[in-house]
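Shared between the two complexes below is subunit A, which pairs with subunit B and subunit C, respectively.
Right after this comes the complex of A and B.
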């Protein structure tokens, strides 16, 4: 079973690069946005992927799955793209950590500029990239940021889980020392 | 080898939404991503820093989305997201550009504007799914521009291109279609000219078989100089070449391996140059084989030549280490060559606009975009049969 564990970890690591590469190439194609004034309200300029008022301005959503739990949904339109990610939550602790961590981030979404305050349905975190963002920021750097974010969030949550377990062990052993000197 | 030169004419934080040259190439009109129109003079000077920003015109309320400068009557027409268009006429006695209102009758943004080649009318693309075609009405005591509306479209009209006979419009829209529509107006045109088509069609109607379907949003369109061929670029990285002399048959569909284009122009009868999300001009040609295909990317191939890469080896270790840490803190890049490798192109953002620069020596195009750069490309040196260029 030790062998099993190593093989599983190796396999998981093997799917990360192709997964992120696929997401990168899809984003590179989807993020071909333009300044597109609203067809429905005069003098307005709205992200069409959020408003969804004109079907001809939307592209087919693309879902990229690493496994049943980890996936990425990319919905594009003529002037905006919504990227939603579902983060790996293997057990209850990871689930609680993920929920708390993502709500911490989403409360501060203005700092991230492209982050959405609420995730799309069925996902843990969403980003909204509009034409205005691409005018101010370099496209390849924005894609780098999104890919690194997806990579790092898994590492952060695993790190937090390890820290919790270590802390719990230390506290428990200190407590028991009172009774067994 | 292509020669290119570039100039940071407005800061990158501002960007350029559109630009246009006057008929000699001595004056440049551009919009710096705002509601203002800048007019530069002295543009024949080889040093762009010596160009003079002679006029700043503020009449629009919102972003100016299109500028067209007629080479027949020297008038500038601008259209904006505020649903208006103005025609600017130069008054030499006061050295001012005087605006005239145009009654477009649209209640959404205007996206694009173009004078007809004869300078008698102009057409405006709009988010209202219509195209007002405007002409000067001098019957009242003061001059103003009135319009006749072309409908037919199911979504925003993104761009349009006039046929050389000034009576046919090719339009592209986000409803994934290119349409060839008659703009023959009895008030203006003396003789109805159907161009490459057999018989003429009334104003606002689509010519037979003149609706070309694309797989994605139709982004750009251009006629060749004789008005027989039409090229349509769409968002699925495809260019369709349509032969209007033989019932709008699609001669070729070029499927190229890069990102979508925003603007295309015929270069003579055998070449097309396209600009868009690859941040550099792409060249398509039918020279030699008679079959259209993508020939080359004009920018990154020359920048990646071995001569340029070799110069990095002569930098000392300390200097390169310092540069690496500096790049890491200021720009988040992790190698000394990062700037060179992160931008293989001159433009740093998508190219949104292309114009032919009137220049008596060679065929030059100017490209602009949200990075605030204006870049000039010598297309004439690429060995294509440039023939007679029409300035649009």
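Right after this comes the complex of A and C.
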């Protein structure tokens, strides 16, 4: 029913702010990083969340779920944090758009500095923040960036889908004009 | 905004046009391609008689199209220009005498460059003509115009279902096709007289369920459109 649909949309819209706020607070707590040279290899400095070799350097990963599909995994360690996001893909076309869009971004991950070239397993996009990044960037600004990114990517994909449908409508009406004088 | 392709071959049009307007007649030997694996050969076969220009076309489905009435259509359109025997390795040849054109040379560039279109149109003309004359049977016509793609015409009383089989190089392309065809189907709600359209992917469309000539079922998408005699008139 119409009421059910409106209630569902309202509820979904209602979950966005709590979801993003939770992610923000978790990031705020996790992004307390310091330099920690590798315990296993002399003179090396590795992001411990990626290496995963020493249990005492890793914190418990936190997963924040907006719904079954959309979620955020935050894995922390003493010198680095990995943030992975699963993006909403309601149908086949959003799935294709999401895949192409994230591939495009990840190929240019150096430009984003904190973006990982490959997403973590089960997710669409991942970020890796190290203590070096936090020494150069403002923590609160970095968190703002990550939260805005999560919001904007959904808007981008919706926008692209609308553009595809609009173009399809134009083409269909041009073609159909030949049948209806 | 929209790029609408022309029906005729632009290269062929310009070659013929230039042949008539240029006073100098150099030896000619050009080979070029069109869509659907078609190739054209335009040449002056005899160096001494440069007024005689041969235009030949090769297309894998030509023999199929000739059986469906293309031969007669070409005779009517091109008259004496149509050669009984095509050039070697080609399926159809036209011979144009620049000094003795069979009609006003102003019309020839367009007429010659529509060669592929006229050959391709033959089965459609035949089937649609039969439907308008109410003499159509139920026989399904296959046009294997590309290696892995075909067009099928299925007449049924006063309508004809035209089925296009499309090979998608990626699965994602099939998804985009569905989006476009959905809009096409939606156009029926706002405009009258729009043909009904359906899309199936990797499964035979209902209209061709038991048709032995159906190819590439496991790989292609199928677009079916139903046109009525109001569209055909």
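Here is the rule we use: the second predicted complex is superposed on the first by the 181 of 181 C-alpha atoms of A that agree within 3 Å, B and C clash if a C-alpha of one lies under 4 Å from a C-alpha of the other, contacts with A are read in each partner's own complex, and residues count from 1 in each chain.
Keep in mind that, in the parts below, contacts are C-beta pairs under 8 Å (C-beta built on N, C-alpha and C of every residue); 3 or more make two chains touch, one makes a residue touch a chain.
Keep in mind it's a predicted model, so treat the numbers as computed, not measured.
Peer 1: Give one of first, second, both or neither to describe whether A:171 is in contact with subunit B, with subunit C, with both, or with none.
Peer 2: Once the two structures are laid over each other on A, A:171 reaches subunit C alone.
Peer 1: Pick one for A:93: touches subunit B only (first), subunit C only (second), both, or neither.
Peer 2: After superposition on chain A, A:93 lies in contact with subunit C alone.
Peer 1: State whether A:104 touches subunit B only (first), subunit C only (second), both chains, or neither.
Peer 2: neither
Peer 1: Once the two complexes are aligned on chain A, which partner has more residues of subunit A within touching range, subunit B or subunit C?
Peer 2: B
Peer 1: If we overlay the two complexes on their shared chain A, which of subunit B and subunit C does A:180 touch? Say first, second, both or neither.
Peer 2: Only subunit C is touched by A:180; subunit B is not.
Peer 1: Between subunit B (first) and subunit C (second), which, if any, makes contact with A:78: first, second, both or neither?
Peer 2: So A:78 only meets subunit B here.
Peer 1: After lining up the shared chain so the two structures overlap, which partner does A:29 touch, if you call subunit B first and subunit C second: first, second, both or neither?
Peer 2: Only subunit B is touched by A:29; subunit C is not.
Peer 1: Based on the A-chain superposition described above, do subunit B and subunit C contact any of the same residues on subunit A, and if so which?
Peer 2: After superposing on chain A, no subunit A residue contacts both subunit B and subunit C.
Peer 1: Please output the residues of subunit B touching subunit A within their complex, sorted ascending.
Peer 2: Those in contact with subunit A are residues 13, 15, 17, 33, 62-63, 65, 81-83, 107-109, 111, 127-129, 154-156, 174-176, 216-217, 235, 259-260, 262, 276-277, 332, 342, 348-350, 352, 370.
Peer 1: Under the stated contact criterion, what part of subunit C meets subunit A in this complex?
Peer 2: So the residues of subunit C touching subunit A come out as 1-2, 4, 172, 175-176, 178-180, 182-184, 186-187, 191-195, 227, 231.
Peer 1: Under the touch definition given earlier, write down the residues of subunit A that touch subunit B in their complex.
Peer 2: Checking each residue of subunit A against subunit B gives 28-29, 32, 34-39, 42-43, 45, 54, 56-57, 59, 78, 134-136, 138-141.
Peer 1: In the complex, go through subunit A and note every residue touching subunit C.
Peer 2: 92-93, 96, 164-165, 168-176, 179-180
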